[in-house]
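Here's the structure we're looking at; comments come further down.
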Amino acid sequence: MNTANNYKIKHFIWWTRVKVYKILAFSVIFTTLFYFFHLEWLAIPWVPVALLGTATAFISGFRNTQTYNRTWEARQILGSIETDSRTFGIMVKDFLRLENKEEEIALQRQFIYRHFAWLTALRFQLRETKSWENIQTRSYNREFLRYYHVPEWEGNLENEIKPFLSAEELQAALLTKNRATHLIRFQSAHLRKLNEKDMLIAPNYIALENQLKSLLDSQGKCERIKNFPYPRQFSSISLYFTSALCFFLPLGFIGEFSKLIDKYGSHIIWLAVPLSVLIGWVFLVLEQIGESTENPFEGGANDVPITHMSRSIEIELREMLGETNLPASYEPINDILM
Amino acid sequence: MNTANNYKIKHFIWWTRVKVYKILAFSVIFTTLFYFFHLEWLAIPWVPVALLGTATAFISGFRNTQTYNRTWEARQILGSIETDSRTFGIMVKDFLRLENKEEEIALQRQFIYRHFAWLTALRFQLRETKSWENIQTRSYNREFLRYYHVPEWEGNLENEIKPFLSAEELQAALLTKNRATHLIRFQSAHLRKLNEKDMLIAPNYIALENQLKSLLDSQGKCERIKNFPYPRQFSSISLYFTSALCFFLPLGFIGEFSKLIDKYGSHIIWLAVPLSVLIGWVFLVLEQIGESTENPFEGGANDVPITHMSRSIEIELREMLGETNLPASYEPINDILM
Amino acid sequence: MNTANNYKIKHFIWWTRVKVYKILAFSVIFTTLFYFFHLEWLAIPWVPVALLGTATAFISGFRNTQTYNRTWEARQILGSIETDSRTFGIMVKDFLRLENKEEEIALQRQFIYRHFAWLTALRFQLRETKSWENIQTRSYNREFLRYYHVPEWEGNLENEIKPFLSAEELQAALLTKNRATHLIRFQSAHLRKLNEKDMLIAPNYIALENQLKSLLDSQGKCERIKNFPYPRQFSSISLYFTSALCFFLPLGFIGEFSKLIDKYGSHIIWLAVPLSVLIGWVFLVLEQIGESTENPFEGGANDVPITHMSRSIEIELREMLGETNLPASYEPINDILM
Amino acid sequence: MNTANNYKIKHFIWWTRVKVYKILAFSVIFTTLFYFFHLEWLAIPWVPVALLGTATAFISGFRNTQTYNRTWEARQILGSIETDSRTFGIMVKDFLRLENKEEEIALQRQFIYRHFAWLTALRFQLRETKSWENIQTRSYNREFLRYYHVPEWEGNLENEIKPFLSAEELQAALLTKNRATHLIRFQSAHLRKLNEKDMLIAPNYIALENQLKSLLDSQGKCERIKNFPYPRQFSSISLYFTSALCFFLPLGFIGEFSKLIDKYGSHIIWLAVPLSVLIGWVFLVLEQIGESTENPFEGGANDVPITHMSRSIEIELREMLGETNLPASYEPINDILM
Amino acid sequence: MNTANNYKIKHFIWWTRVKVYKILAFSVIFTTLFYFFHLEWLAIPWVPVALLGTATAFISGFRNTQTYNRTWEARQILGSIETDSRTFGIMVKDFLRLENKEEEIALQRQFIYRHFAWLTALRFQLRETKSWENIQTRSYNREFLRYYHVPEWEGNLENEIKPFLSAEELQAALLTKNRATHLIRFQSAHLRKLNEKDMLIAPNYIALENQLKSLLDSQGKCERIKNFPYPRQFSSISLYFTSALCFFLPLGFIGEFSKLIDKYGSHIIWLAVPLSVLIGWVFLVLEQIGESTENPFEGGANDVPITHMSRSIEIELREMLGETNLPASYEPINDILM
């Protein structure tokens, strides 16, 4: 997530420069063919370009709407995890009661630390790279990666969850396919034991189980966004239409400026180049922005800041446990918050 | 579901080639009539084409929005089934308690296997073919079927659910009209027995019943999307308008290029052919993409991957039962995940 | 609901033919006035038509979006009723327990039959005709009625619910204004009696009451869509704008073709007629489709199939009761499923 | 709410006539200046008008979408109140149990009448006039008020709720700022007393309290729509853009017709007047419709019919109490249902 | 929130005047270069401007839709807080029961005052300034700040919550990072104590805990909107596209008017200036309105009125406690309600 007021225009142009070069090349070639080689039929009428522009605007607008929705839904789910974590913390504090206050706090810490393990397993899983994600395959995204770090790519899951689990649970968790699910299962199994020993009465037990269900629910929703891409058929046509439009733009402009040759001389035709680049850039940027917003957990600059949010939750729950040696909050690097 | 970065352009063109041939034929015929037979009134003005193009873009955009919503809702429902299955698994593990640990695990397995039977019955039912689905009737879809398999069309329901049910329940289930509903009913009847024998206390009983209700709810939502097509009146006008537009496009282009004949000679009129094909193709692709996204459970390449998801759930729940001989995960074939 | 692949184009044209005649008449009159009577100022510029076309496309698109939403929401509510009916059936089977198994099944049947009475009362009420519904007032809709039947218009509520209720309850229900509400009240009053006699323990009692609440909720939502039309102010402007556009279309085309008279002769002006009819038809169809999708319970061909769904529910619940003499499922007639 | 098939076109034109006069005046003035005073630079090109038209169509379309959503949400909330009232009635009937049947019915009546008081207080509060509502300030709305009555403006709250409350509660309610909230509080306080005296067991008590919470929730949602207008910044730009467009329309038409002067003579310029009026009217109507749909509780002809719905609820609940002397249902006056 | 009928046009123009100056400067410069320096190639064709205008209208429309949604969602959340506060008040009154009525009211007051502390902490936190908020950095917003006050910027949190908390709780709350969360935790801890001492029975205890969970949920949703800006990539392209359009508008108009030079003389070219300013202003206003609606808690004139709403809740809950010395309601200043 970018926390600045706006992206700087120079960063934007730099980020999209490869596509600018391409459309520049096309328009120079076409104009050269027209101007020096007199391929006059390149001066096509404007109407197909206008119609193609309208269709492309529809498809690009549609894509941006849907990818925005994906990002916003992802943020909503993370918000639910934050709220459910707070509620879970408060419930653990008030529903898990032992005579001995020290044992009580130790028991509560066990649950809350296991929750940290779940949060960590979840964010590592969400930052894995899927076959349809572009963050490490497109050159313009790779370049941008030097401005920020993706903590989940640099850290190691086992090391990070070790402090939160017993050796036995750590082992069991690492053996499973979906660690996060099984960490919730451990919480539930522990609650069962307390309930069986009459250390947790039925209504409180059910309330805590419901809270675990909420967390599983949010986990499932995150996985849905992670594992189900913006449908590739829509993403593909958005790419094809934009490319087709950028191909025809210079031809259309040559057509338009060719009408002005009588009045201003044939040099005027070269204005087709800057206009093609500018208008083409507008549509290419729309396309590239759409692509970079599709996957809110891919490790990109526009990601939902899951590392930061997990850390915030950790701080709040540690405060609830009465800890004072709190970890620092994650801060944005170059205005990028992960 | 396609798991690649984008559909390949050549696959797209191949998939839509029949329509390309048709529009090519139209535009060649019209241009021939104009060029060789001097039917000059074919050179109609552009304005009706522009207006028709706007209306078609609206209708196509609307269709794509709604079919996208259908697919995304289908994926949400499957996500709920995934989450509710996990929760059901955890509840079965922690709420169904017997003194004898072996009997306990056997009882739990009975419930979880019956759940697998439900999942299987549901996905077979969702992959049946409805009268409005095109996957087996349109030639371009039939052709594409050789790139992937639809497991539900090749397998046999009875064989697949046999391992999960007692002989008696299998028989009873196969006799009913809607197997999935009645499998949930069996779960509930079994819970009733446990509750009557005081082996399941009231709050846990109610919680498990609520979980069954959630599963029934998701099943009903899947059936809603399966049994209620995108309204045929909207689908029909999308088809008619696109066809009308493609019919008029060559006429409009002939009209536009006829204005340039004085300047560039009458050969220029033949440019109407490639432009008609390209712009027509854009709208035809929009239409065909819309059609192929309408039904997320029809067995198409853009389906929600219900076979894969059922298998994932099976693996996770078997892990909960402590099984180690786990089935393999379904993988994409030619980037298509079912 | 239409269950075919698409509406046939000939049915569409037949269904909209009156409007086609009107726009044909207008365009012939205007062209005659221009061609024979030389009212040359009828050749207005195209720009007002284009602007009007854009505004009309917005309003028509908006209307189609909202009427689609109404239909889809109606289908969602019916889906909830289906799911809640299944859950109600399962709960009745497992929560209403008597020592004597025969008495138990008789008691359960009483509740489930009363539920059928509720379903029947609801669908009769939803298929009544409201002052803003067009199915019986517009000639094109009346004509279409011969292709299918509306069972609620042919049957009689009293006869249909008689088999499901005691004589006393039948009488009481028929006296009330809103039968469906009071049938739910009878269910609740019966539950109260069982609870008072200690034949139904508190948690199960509350769960069943909640289920009745869900059914009431869905009933209220159906009534909302039935009793609150698509706001008439929006429906009216959609009609006015489309009419205005169709009035101006021939004038605009006369204007455009009048520019070509010098080149192709004055006969060319008659092309305004077919183009006006075609483009006008596009907008008129949009308008008529919108109108015919507004009210999903009016007895039209695009209705949500409530008769079919009620029957499906009845079959499933009778299977739960162990009945084997099941009624037949409602099937589509001429591809129309009610 | 209008219950007719469509608004009559003559009512529409009458309702918008002041704006029609204004745009008529503008276009006559501009055309006069051009025709008689030869201010030829008034003949501006069409392109700015087209661009402004597009922007205005976007903004007007957006406004109509959002105001439609406000109205539809208001109707949904009222639907919830209707359903929750029915459920409340059924719960009161079945959960409030006394040995003495006469005392029981008296107790139930007390709760249900207090509910009528709440409904009445709520609808009086919703029909108060806010500073951003136009129903009594715009002349065209004031005029229209003679076609229907707003019962809440003619009645008096105290008189209307007096029959439903004890003298003491009436006094206490009238002293508070938000009567509806405190009437719910009285319901809850009464339930507490019954619970304390062991006349209402815990699960039923909690269920009734939850029902009150639902009613409070719907009340809060109504107040949200009532107290938070469609943001004035959006409403303002919609007004400004439409006005600007209507100012430029005649100039644009003069520009277009001035091109035809050589062909048809300078009289042709006067066609700018009727076209400006018609196209301007389309956008003005869109604007005025949007304005009149913004506030669904302002006492306008397009209001959600809260008086009618309250009365329907009253009738149904009185039937539940076994009353036979039922009030009449509110009916539409001149097709307007309040 | 603005409570007037509309923003005054003069305020709007004043608020956007800097941007008007800029576009005025551009258009004067370009026209001067064309008119006096004969840079005739500045007269570019209109088509790129039209295409850019369409793309900008899409992006601006999209932004306004999403920022409207943010504001509306914020208002919904605040509405939930209002409703949940009322319900909490009623529950505190009816669920917290002591023999001694004076002690009871004192206990109830403790909970309700702590709730006021939570409301206060929440609104102070929501009115802090984020790095992407513009209210204090843009000159046009700073200027507007003199028309109204932001109470949270003038007051001091500690002073305002002191009357509502014990000295000990005040201290503890101020030490934490997120005061609101921990104030809810104090409520829960207090409930636990009552429950442990058997002063609060299980169902009522659970109901109150659920109410706290709802409040935490709404708090989390507010924080989501506060802490997650409208994605900066979308905000950035909206800014860039609008700027590009305003740059090209004068060039496009010069192009259009240059066609009229032969007819009306070269002075006509200066009409490009007022038209550029007007049409540019339309798009600039759209952009600035979008920006000023993005963050509903930034302290701007279009904010959700959280100070006013908190005060209303306080008044209603104090009335429930039987207090008569009520604080005054916050009123709008210059039509701005905070």
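In this document, chain identifiers A, B, C, D and E correspond to the written order of the chains, with residue numbering beginning at 1 in each.
The rule is short, and it goes like this: a residue touches a chain if its C-beta (ideal position, glycine included) is under 8 Å from a C-beta of that chain, and two chains touch if they have at least 3 such contacts.
These figures come from a predicted structure and were not determined experimentally.
At the interface between chain D and chain E, under half of the residue numbers involved are used by both copies, so each side presents largely different positions.
Centroid to centroid, with C-alpha atoms defining each point, chain A and chain B lie 25 Å apart. In terms of their C-alpha centroids, the spacing between chain B and chain E amounts to 40 Å. Each of residues 50, 54, 203 in chain A touches at least two other chains.
With chain A taken as the origin and chain E fixing the direction of travel, the chains line up round the ring as A, E, D, C, B. Per the touch definition, chain E reaches chain D in the complex via residues 1-7, 9, 12, 46, 49-50, 53-54, 57, 60-61, 64-65, 68, 71, 75-76, 79-80, 82-83, 86-87, 89-91, 93-94, 97, 201, 203-204, 207, 252-253, 256-257, 259-260, 263-264, 268, 271, 275, 278-279, 282-283, 285-286, 289, 292-293, 302, 304, 315-316, 319-320, 335. Chain contact summary for the complex, chain C toward chain D: residues 40-41, 44-45, 47-48, 50-52, 54-55, 58-59, 62, 66, 130-132, 134, 137, 176-178, 181-182, 184-185, 188-189, 191-192, 196, 202-203, 205-206, 209, 212-213, 216-217, 219-221, 223-224, 228-229, 231-237, 239-241, 244.
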